[in-house]
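The structures considered in this document are given below.
What follows is chain A paired twice: with chain B in the first complex and chain C in the second.
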Partner chain A sequence: MAQIAGTDRGAATVAKGADRVPGPPGARETRRLKKELGQESGLVHRRWWTPYLFLLPGLVLVVLFSLWPFINTVILSLTDAQILRGGGFVGLDNYVRALGDDTFWLALVNSVVYTVVVVPCLVFLPLALAVLVQKKIPGIGFFRSAFYTPVIASAVVVGLMWQWILRSDGLVNTVFEKLRLVSEPVPFLTDSTMLLVSAMIVTVWKGLGYYMVFYLAALGNVPTSLYEAAAIDGAGPVRRFFSITVPTVKPMMLLVGTLSAISALRVFTEIYILGGESGGPGGDSRTLPFLIRQVGLGFAGETGYAAAISILLFLLTLVFSVLGHRLSKGDES
Partner chain B sequence: MSTTAPVAEKAAAAKRPKRYSRRVVVGLSGRYLTLCLMLVVLVGPIVWQFLTSLKGRGESVYEGVLPSDPTLDNYARVADAFPLFQYVGNTLIVAALAITSNCLFAAMGGYALSRAGWRGRKTVFTVLIATLMFPFESVMISMFLTVREMGLVDTLVGVWLPGAVSVLNLMIMRAAFLAVPKEVEEAAVLDGANEWQRFRRVFVPSAKGALAVVCITSFMGAWDDFLWPLIVLTNSDNYTLQLGLKTLAGATTVNDQRLIAAGAMAALLPMLLLFFALQRYFFRGVGEGAIKT
Partner chain C sequence: MSRGRLSRISIATAMAATLLSTAACGVGGSGNDNDAKQPEKSGKVSGEISFRTLQLKPTFTTYVQGVIDAFQKKYPDVKVKWEDVPGDGYNEKLVADAQAGALPDVVNLNTDSFQLLADRGMLADVAKLDPAVQKDYVPGAWDQYKLPGKEGVFAYPWYVTPEILTYNKDLFAKSGLDINKPPTTVEQFFDYAEKITEKSGGKYAAFMADPKSRLPGDWQKMGVPVLNEKKDAFSFNTPKAVEWVERMKELYAKGAMPKESLTKSDDTSQLYGADKLVFGPGSPGFIRDVKANAPKVYAKTQVQKAVTGVLGHIGIYTQSLGVRKDTKSPDAAAEFAKWVTNGPNQVAFSKEVAIYPSNAKGLADPYFSDKGDGKDPETLARALGAEELKEAQLDANTPVEWTSQIGDAVVREMQKAVKGEVDAKTALAKAQEEANKILAQQAKQKK
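After this line comes the complex of A and B, so read on.
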């Protein structure tokens, strides 16, 4: 479910980005008009409710499990509801409480730091990777597919794998000790900051192949004649990369930035697997989704308070969406 | 400038063949070297995990990459250590439900959305797109309450239902149906096909590729998901594979990396096989919903 919601989230932003990026302006508009004219010219007739019959199952499910939960979250955030009983209206008390709650601030800071570190990595590294696999040389198909395998592995499998690599008696520490780089094991998983860093590494490792595919699509749009012209003008590969490739894929960079920011804000499983159910030592590596689950569920779950944190998380993702949108808009004009 | 340029080029052309080919060779080997390095970084851990799952009990987990005496023993043992097949079965039930419902409902809904000229089309479309703005994590508490209200906590139906149709899939199907030429639809009308027949006989067959993408994303969602099953399921009999795997790894009785590696591989290999068999649909899935919404 989380996975599905994740891709969902992406598509909305992609969609908005894509509307502006390729194609001549107004192509969609023309197509829509054409369709409607076809309709009016009168071969295809349908009753007004037929489309609704087709949409019914999908619409019911979306309303029930997406629209309503969101409205309900807004309502709940204004009450003192708990998991086992409904609540009364308390106004903005939950939000005020969050602002004075150290646990909330820690989770917020963790989530934001996570995002700020992960996003640049996922904007630039996959681009480099895409440039690396773009050229059609023998065997490149194999490399492209192979680089995508971390994407299809589940977060649990990936988490378990890296847990084993980063444990105090794991691969990295064993190697470090053999090389006498460290006197005692690096606490990758037992120190709250290091745990976050480890989870970031896992997120970047798992995301590289995914965003590489985005960039490959964008790189395919760069006309080769531009490179040839630049080469004739004496621009080296580095120069060509920065003055041709980067400007062309800039809209895609903004898109990838937005998408990876939102998925970084949603990180849960990596930390849960690497740091355990409590969210690292003393729960100090908890991110916002982690906190929401801990506060809101269980026998003493405070649904009202968790709902308020949920809304704050939503607003945070919204900020990044709007930011990405704005930047790409400003870019166009 | 314009007069000297051809001369300079001629001189360069005379020199070029040898230097050019050496540069290509160096560049190409550099490229392959980097590619192999990235291969080690991105695939190495997975391969290593696989090799570990083949190591015998007497062998050290960390010393030596290749198992000296490869054995499938761990896979047999992992099925004893936790109810692997039951978890796989549970996951497959959820996956089968998700694939069926997503294909059917997304195709139907996408068809309606792709047809022009009905009242409320724009509103419905806007609402659907708006729901994409809500991150799952920020609605999961309410979602849980809804599922509890329906009495579906701790059931596989409860795991499946919220993902029974994803808006992304609706959009993928819509885009595919938009590409069907108007003439084809009109021809079907002239042949006397009613709306359902047109949908079933004309539109669905022309969108097989998009349906394959929907199948794959639904399967991957059901197979790989962790957080939602974690919230809905309490009884370990109902666990999906990912939940079971986490429990296996967390169990203090099982402190054997070979066993955990075997479990992880059991969860990964089916996805990997599917990916290498149908990868163009995987890649298309990344682009599809992206470009034509």
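After this line comes the complex of A and C, so read on.
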């Protein structure tokens, strides 16, 4: 109540209201009070569109660069549009075609497997890393920065570096051969399954530092008294980690899970740089974004069909987002 | 319902309607084939024209600006507005501009972008703009800008980069091969690669596997009919093509090609420069890279004419200058495109970088026939490339029907076959089936 008692008259009115009805004022009362205050001070304008005016710049950007392209994609997905050739309405033909296309299913499975493997790694490994670098020991700042370096490195540079590490005559294979661990080079980049695994390693490596920063922020909010109390009660470091750290950063874990799932579903660069334009030998390592690019780009690009696959990818992303949301709701309740 | 609520609903409805209508523009607004009429020349060379080049700044700024200045001096009523766009995203920008009706008056096109814009009726017929100009260009180059099923020629040929053969003399000789007897057929090329691999001991490879850069050229050189006679279906599934796949598979397994080159070939110069590859880059431009980055390997480089097999000549791939069909200044645009691609200007450009003129008079310049002492790879490459270009013919070019989508589909099957995951016959049958499926779909969408 104090926050609306900005003037003497307002304060008096509140006091009067409080005498009559104990407890907080009802909605009608609040409206009346605000109205009086507004008239009195002349500061509060109640034109309904005032807040929209403030939102307008942001809204325009969202509508132009997010909403409009999205709606356009939905419409395109119902046409047989091509590059520089407006299409005619074909209903759900593109969706039917996608569902009957083996390549679509291959890309879908690759995307889902990619997400299922990458997400747990990106939820737990950065947490472990954050717990490590959170300790206040000399020189820890260097490690914090070092772990964050892959995040700011360009995806192309990262891809090229890993290509040199993983190729048949690259660093890893040379070491393996020198140690006589393998007789033939491991086909990290020339076998479709191994290529996906290699791309996953790169994604996880690049994401570690990024999500570590999220966890560092969350860990900063855990009261040290909890750890001290647990230590007095005889809890060891492992027990303290699972009984205090994990429950307190759980909301952050769900956020990281959702964010990393969305970015894993959108993976393209790692596969493109490691596996070439075809998406690995025979194109067997293609993910959904890779397929969308292949189908929609180029001068013979089928924009309509690519838009339909984009919408299907969007629905898949939505599933993972809703899942994350549900989990966090369940956690709150 | 309150008045405020009503106005909110009406504003939201208006916004949604605007949004939907503009969104729909993205679909239908791009329109079908451009119905602009062929421009008519007025006889007066004047006006402001825009000119777009592909990645020529800053290396060639002085040259291009010089050409523009000289043109403006000759035609003082013309103002040329030059814009250079980097290679990355060039095609995407072109498509976006074409979609928005904002194509430049004179625009630098490669084979792919030319085909798209000409097919969509966005380029002027330059043969109609200037019927006498044809004789100025090498025949193969001029014919490259005709489109099947369409009357006319839709761009002025500009500079060319021919295919040549380069190899490391020392590694070649080490394999027991005569450095002066280069392979002339694809089959012979494979035999040489086999001999090289036998002697390499795994230290170096013979050539890059990447089927994307080898096809359909290798098949054409082996006499494989890529398309049927009516040119309405692919017909490359032949015993000769099976032989190609089998040989590639065998050589790949033996280590004749770097394993990763099956999916990527972007480090050819790097591997060649590091003595890890016997057959080097097949373009004169790359020889300059080797000279700059690996002088020791450059000294060991032998240059020969490209493998042409049963065709006996190379194909011709030129950059070109297209004139926007609905340009407001057709006289100035056509005159300028002709000016940039004329003999003296193309020769001057070729002296700056390892490219060749598509202009017949330009190509006849003594600069291109000078072999020097026959020992410097760069000079030799220039002379051999020019000789090849005089006989270049379109039948060695990738057919227009072999679009990137079709090429990708075929390459994917070939990669599996070369790796030994699928047998050659099955892979070829599937590749042909896929290619014909895409071709039929593209034909259906064109109607």
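List of remarks:
In this text, the second predicted complex is superposed on the first by the 271 of 333 C-alpha atoms of A that agree within 3 Å, B and C clash if a C-alpha of one lies under 4 Å from a C-alpha of the other, contacts with A are read in each partner's own complex, and residues count from 1 in each chain.
Going forward, a residue touches a chain if its C-beta (ideal position, glycine included) is under 8 Å from a C-beta of that chain, and two chains touch if they have at least 3 such contacts.
Quantities reported herein were computed from a predicted structural model and do not represent experimental measurements.
When the shared chain is aligned, chain C comes close enough to touch A:T190, but chain B does not. Legend: residue contacts after superposition of the two complexes on their common chain; A:L67 is shown touching both chain B and chain C.
Using the contact criterion defined above for the overlaid structures, shared-chain residue A:T50 touches chain B, although it does not reach chain C.
Looking at the shared chain after the overlay, A:Q82 reaches chain C, while chain B stays out of its contact range.
Touched residues of chain A, counted separately for chain B and chain C, are more numerous for B. When the shared chain is aligned, chain C comes close enough to touch A:G283, but chain B does not. Once chain A of one complex is fitted onto chain A of the other, the partner contacts of A:V156 are limited to chain B, with no touch recorded for chain C. Of the residues of chain A, those at positions 48, 67-68, 72, 76, 163, 276, 297 touch chain B in one of the two structures and chain C in the other.
Looking at the complex, you find that chain A touches chain C at residues 48, 63, 67-68, 71-72, 75-76, 79-87, 163, 167-169, 185, 187, 189-190, 275-278, 280-283, 294-295, 297-302.
Touching chain A in their complex are the following residues of chain C: 4, 8, 15, 19-20, 22-24, 26-33, 91-92, 95, 98-99, 112-113, 115-117, 120, 122, 212, 258-260, 262-264, 403-405, 408, 411-413, 415-416, 419, 421, 441-442, 445.
Residue ranges of chain A in contact with chain B, taken from their complex: 1-12, 14-15, 18-19, 22, 31-32, 34-36, 38-40, 43-44, 46, 48, 50-52, 54-55, 57-59, 61-62, 64-70, 72-73, 76, 129, 132-133, 135, 137, 140, 143, 145-150, 152-157, 160-165, 171, 174, 205, 208-210, 213-214, 217, 262, 265-266, 268-269, 272-273, 276, 288-289, 292-293, 296-297, 303, 306-307, 310-311, 313-314, 317-318, 321.
Against chain A, in their complex, chain B makes its touches with residues 28, 31-32, 34-35, 38-39, 41-43, 45-46, 48-49, 62, 101, 104-106, 108-109, 111-113, 115-121, 124, 127-146, 159, 161-168, 170-171, 178, 182, 185-186, 189-190, 195, 199, 217-218, 220-221, 223-229, 231, 242, 245-246, 249-250, 257, 260-261, 264, 267-268, 271-272, 275-276, 279, 282-283, 286-287, 289-293.
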